[in-house]
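Per-chain numbering from 1; labels A, B, C and D assigned in written order.
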Amino acid sequence: MSSFKLAAREYSQQDTVVKIPGPRESVFIGAGYLTVIAGPCAVENQPDYLEIAQILKSIGVHVLRAGLFKPRTSPYSFKGLGGEGLKIVEEARRVTGLPVLTEVMDVRDIEDLYPSIDIFQVGSRNMQNFSLLEELGKTDKPVLLKRGLAATIEEWLLAAEYLLDRGNRKIILCERGIRTFEPYARNIVDIGAVPLIKHLSHLPIMVDPSHATGRAEMVGPVAKAAVAAGADGILVEVHQHPEAALSDGRQSLTPDQFRNLFAKIKDLAKLEEKIML
Amino acid sequence: MSSFKLAAREYSQQDTVVKIPGPRESVFIGAGYLTVIAGPCAVENQPDYLEIAQILKSIGVHVLRAGLFKPRTSPYSFKGLGGEGLKIVEEARRVTGLPVLTEVMDVRDIEDLYPSIDIFQVGSRNMQNFSLLEELGKTDKPVLLKRGLAATIEEWLLAAEYLLDRGNRKIILCERGIRTFEPYARNIVDIGAVPLIKHLSHLPIMVDPSHATGRAEMVGPVAKAAVAAGADGILVEVHQHPEAALSDGRQSLTPDQFRNLFAKIKDLAKLEEKIML
Amino acid sequence: MSSFKLAAREYSQQDTVVKIPGPRESVFIGAGYLTVIAGPCAVENQPDYLEIAQILKSIGVHVLRAGLFKPRTSPYSFKGLGGEGLKIVEEARRVTGLPVLTEVMDVRDIEDLYPSIDIFQVGSRNMQNFSLLEELGKTDKPVLLKRGLAATIEEWLLAAEYLLDRGNRKIILCERGIRTFEPYARNIVDIGAVPLIKHLSHLPIMVDPSHATGRAEMVGPVAKAAVAAGADGILVEVHQHPEAALSDGRQSLTPDQFRNLFAKIKDLAKLEEKIML
Amino acid sequence: MSSFKLAAREYSQQDTVVKIPGPRESVFIGAGYLTVIAGPCAVENQPDYLEIAQILKSIGVHVLRAGLFKPRTSPYSFKGLGGEGLKIVEEARRVTGLPVLTEVMDVRDIEDLYPSIDIFQVGSRNMQNFSLLEELGKTDKPVLLKRGLAATIEEWLLAAEYLLDRGNRKIILCERGIRTFEPYARNIVDIGAVPLIKHLSHLPIMVDPSHATGRAEMVGPVAKAAVAAGADGILVEVHQHPEAALSDGRQSLTPDQFRNLFAKIKDLAKLEEKIML
């Protein structure tokens, strides 16, 4: 595994910390910080998104999920509000003062999203969309790179290498479950990927227990496991009314469930001697 | 599995046949035709590509592989000649009179490639690059859609549905191996996908034994298996000097090996009562 | 992959042919023979089993499947007639003159089964039941060793090595599908395993398309693919009334469906220059 | 998933706690206890085993691993001392006062092992060795049932059902990693299996991070993740001289590494409000 260079532990013994300036205060990911990103699967409409954003702010979340473009397996599913929803995201960002994370799926959308968002997300289906990686590699915005559904650790780090090689050094990895034969949960969280990435790379690694499991009752235990294994943070889906969500309601926590989990994550962070702002 | 509509067998009891006009004579894929697409993994330079193109023409191949943009796991690998190589492809197409197949990875390349090539290929890594699918769905050129490395049959047919839904009905599926735990061969050809696709859909299905196995000694037996299982054709990598190829030489057949295989495929096609022009 | 010795191609450039003496005439597996083993999933009762045995004999089948002990995922499923059914198998063997194949799951059953059956089958769940392998390795009866559900090629050959190392050289490998993420068919036939085994070993390899796919409509195409890929034979489930079978009816062919398939296999065997007695 | 009955959560809302009498004091697994089982992969000789047993006792371990029969992929690997080693295990048990866990692979060994050991282990390769399950189901000794390498949650619970159905209610499940496409670590720990089993069943579940990962540097983080996810305990391999171990040295912790981990597990157990004797 000497195929990746800039992503390799040999390149930097010091852990990378990604600084996200944000509209008011800076947020940090990696190198001793424990960061929580939360929000609904998709921005559905202005009042609901502003409400959940303020609830999450009050709980202590560091970054808001702001899904506008949703990659959907079927062309007939709800695909997000797209560029139309950007104003809603800008408003939530302004009101809460929190930085926002948005998935980008098309190179032609980068320019429009750039001024309004704080972290670009590359989703698992696009982990090897090399044109997209190359274009994002030319920007100076942080990129959260999700692991592909069936990507090896090496392929994942080589995808990060595409970004790093073009000049962008603000890369955050995110384990979101891999595909196996087990039909019960949606995917299997590769918990061992956390220590492995720490061993092989200097890049921060987060875990998304919501997309990975697809089941709300599993989100809490897996989120806690991620922190105990040494992850730099978690991404969690939260929705006021999971049963009415336009996408992925089955895996969303309610604000109350999430508040409880947040407190437990805080206790674990303390035990792990992580800074949780 | 009622999620795909236009791709479903229920939509058309009659098998779809895709007509590829070609520079001189038309080629057909599906509905009783047995079609062979062959060529090197990538176009490397003009003299070599013209030579192999003429050899393949003389053997009886129906369509030329003309790889210009190569999706590579590492940013440091040879990525193909890109647009620079298009003139070489045009020349080979003119000289042999054979239609050409080229992979497209970026929506911004579609327009440039459109006038010069006969079939767009969507590679396995881009099977769920929905922006690319939607743009190709708006063209009137045949699209060969490779199955994702870890895509279910349903996800694959839904990716085809993205193309169909935008208006393009000239879709050809291509099984190219799925990822499993077995380390010996590169991937495992899902041979059962051939009868399954015939059962679930009216679209033609081809098999690529070269990328799937990654080993020249397995290409012939798997190609024959594909035809015996009912596939509408095969894609095979052929290179004058496999050991010197800039990419994927390990899996390429020499012209002599390929000539032998072509003869056996002809015998099988006859047994299966397929038309092999 | 130098871990197996007696099973390795280096040990014998000549393909192994396993001779099964049988009650009347000998049957051969490997080295140019194409052998068909067929029968219901389980022996259910005397009249039905004798009837299907005679039908299969009349079609030309070489060996009868005679399932007595059925490994079942649930303790509440039908587990076969066990030793009680042995008399039925002996009768069918006597009447048809065909050798019989029976799965053995417990070392304590070997002695009782020994005089009445012709080939011991080790099922996929027991591929690494090393006690069972060692005991069967001490007998002089042919053993058909199914590949484990998630066994690598190397592990499979090492399981064969357990048998060979104890002295039994009459080993037949059988690919029966591996477990993957794809939910539609029960398992995925690793068709490439056929040329791989031929490359790595001198042992004969058969394919079981019935257990592998779990769907009758896929059995024919996959059986044909196996022969075209170079397999030494196939195992097929046949039942007079698949819809009433006590186990695995969904994947059984009717006698008429099987008769058609048998004819096609004959044509393929001829093309492959195999001897099909 | 209503196929298992006695193993199902519906059968008992109360979590099962398995009492292991032990030579001096009782140990409990499940229902609020956090239990640590540790020891070398295999008993190699008397002085080394007695030494490590006493070290582990002094650290606070609850149960000793006492591997006598080692299932090995190759017939040419070290297979353990077998019955010869039983006296060493009895001595270690007497000296430390700790109960011992031993894998049993053959129904014919159960009787001999019965008087000397405290917990029978069924290894992953034998999870569906139904004869073995049925015989162990007739005893009154606790059984630790490892998940098969490619077993679904449902198949695992049905294997437990075989044991329960025969009368043995002292069943402990153990997640030990599943096989996937990822080549770096040996297997992938399915961390989500912990909350899933808690949701679907009343049986205790432990996690074995040593066999699962195959790499000592991953054992600590994965062990901690298991406890944070709600597991009832962990199994860890410890060896005085991992580099000289006759089997699996690559994944063994040294006594010092293990002592550190044990302290961290204690902190986590406290946070999780588990009793760690």
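In this section, a contact is a pair of C-beta atoms (placed from the backbone, for glycine too) under 8 Å apart; a residue touches a chain by one contact, two chains touch by 3 or more.
Since we're looking at a predicted model, the values are computed, not measured.
The interface formed by C-D recurs in A-B: of the pairs listed in B-C, B-D or A-B, only this one shares over half of its residue-numbered contact pairs with it. Two chain pairs, A-C and A-D, are weighed by contacting C-beta pairs, with A-D ahead.
Between subunit A and subunit D, the centres computed from C-alpha atoms are 35 Å apart. As a whole-number value, the distance joining the C-alpha centres of subunit A and subunit C reads 49 Å. Residues of subunit D found to touch two or more other chains are 150, 154, 179-181, 183. Taken as a graph of touching chains, this assembly is complete, with every chain in contact with every other.
Residues 150, 179-181, 183 of subunit A are the ones that touch subunit C when the two sit in their complex. Those residues of subunit D lying in contact with subunit A across their complex are 1, 150, 152-154, 178, 180-185, 188-192, 194-196, 199, 212-213, 217-218, 220-222, 224-230, 267-268, 271. On the side of subunit B, the complex with subunit A involves touching residues 3-4, 71-76, 105-108, 125-126, 128-131, 149-150, 154-155, 158, 161-162, 165, 179.
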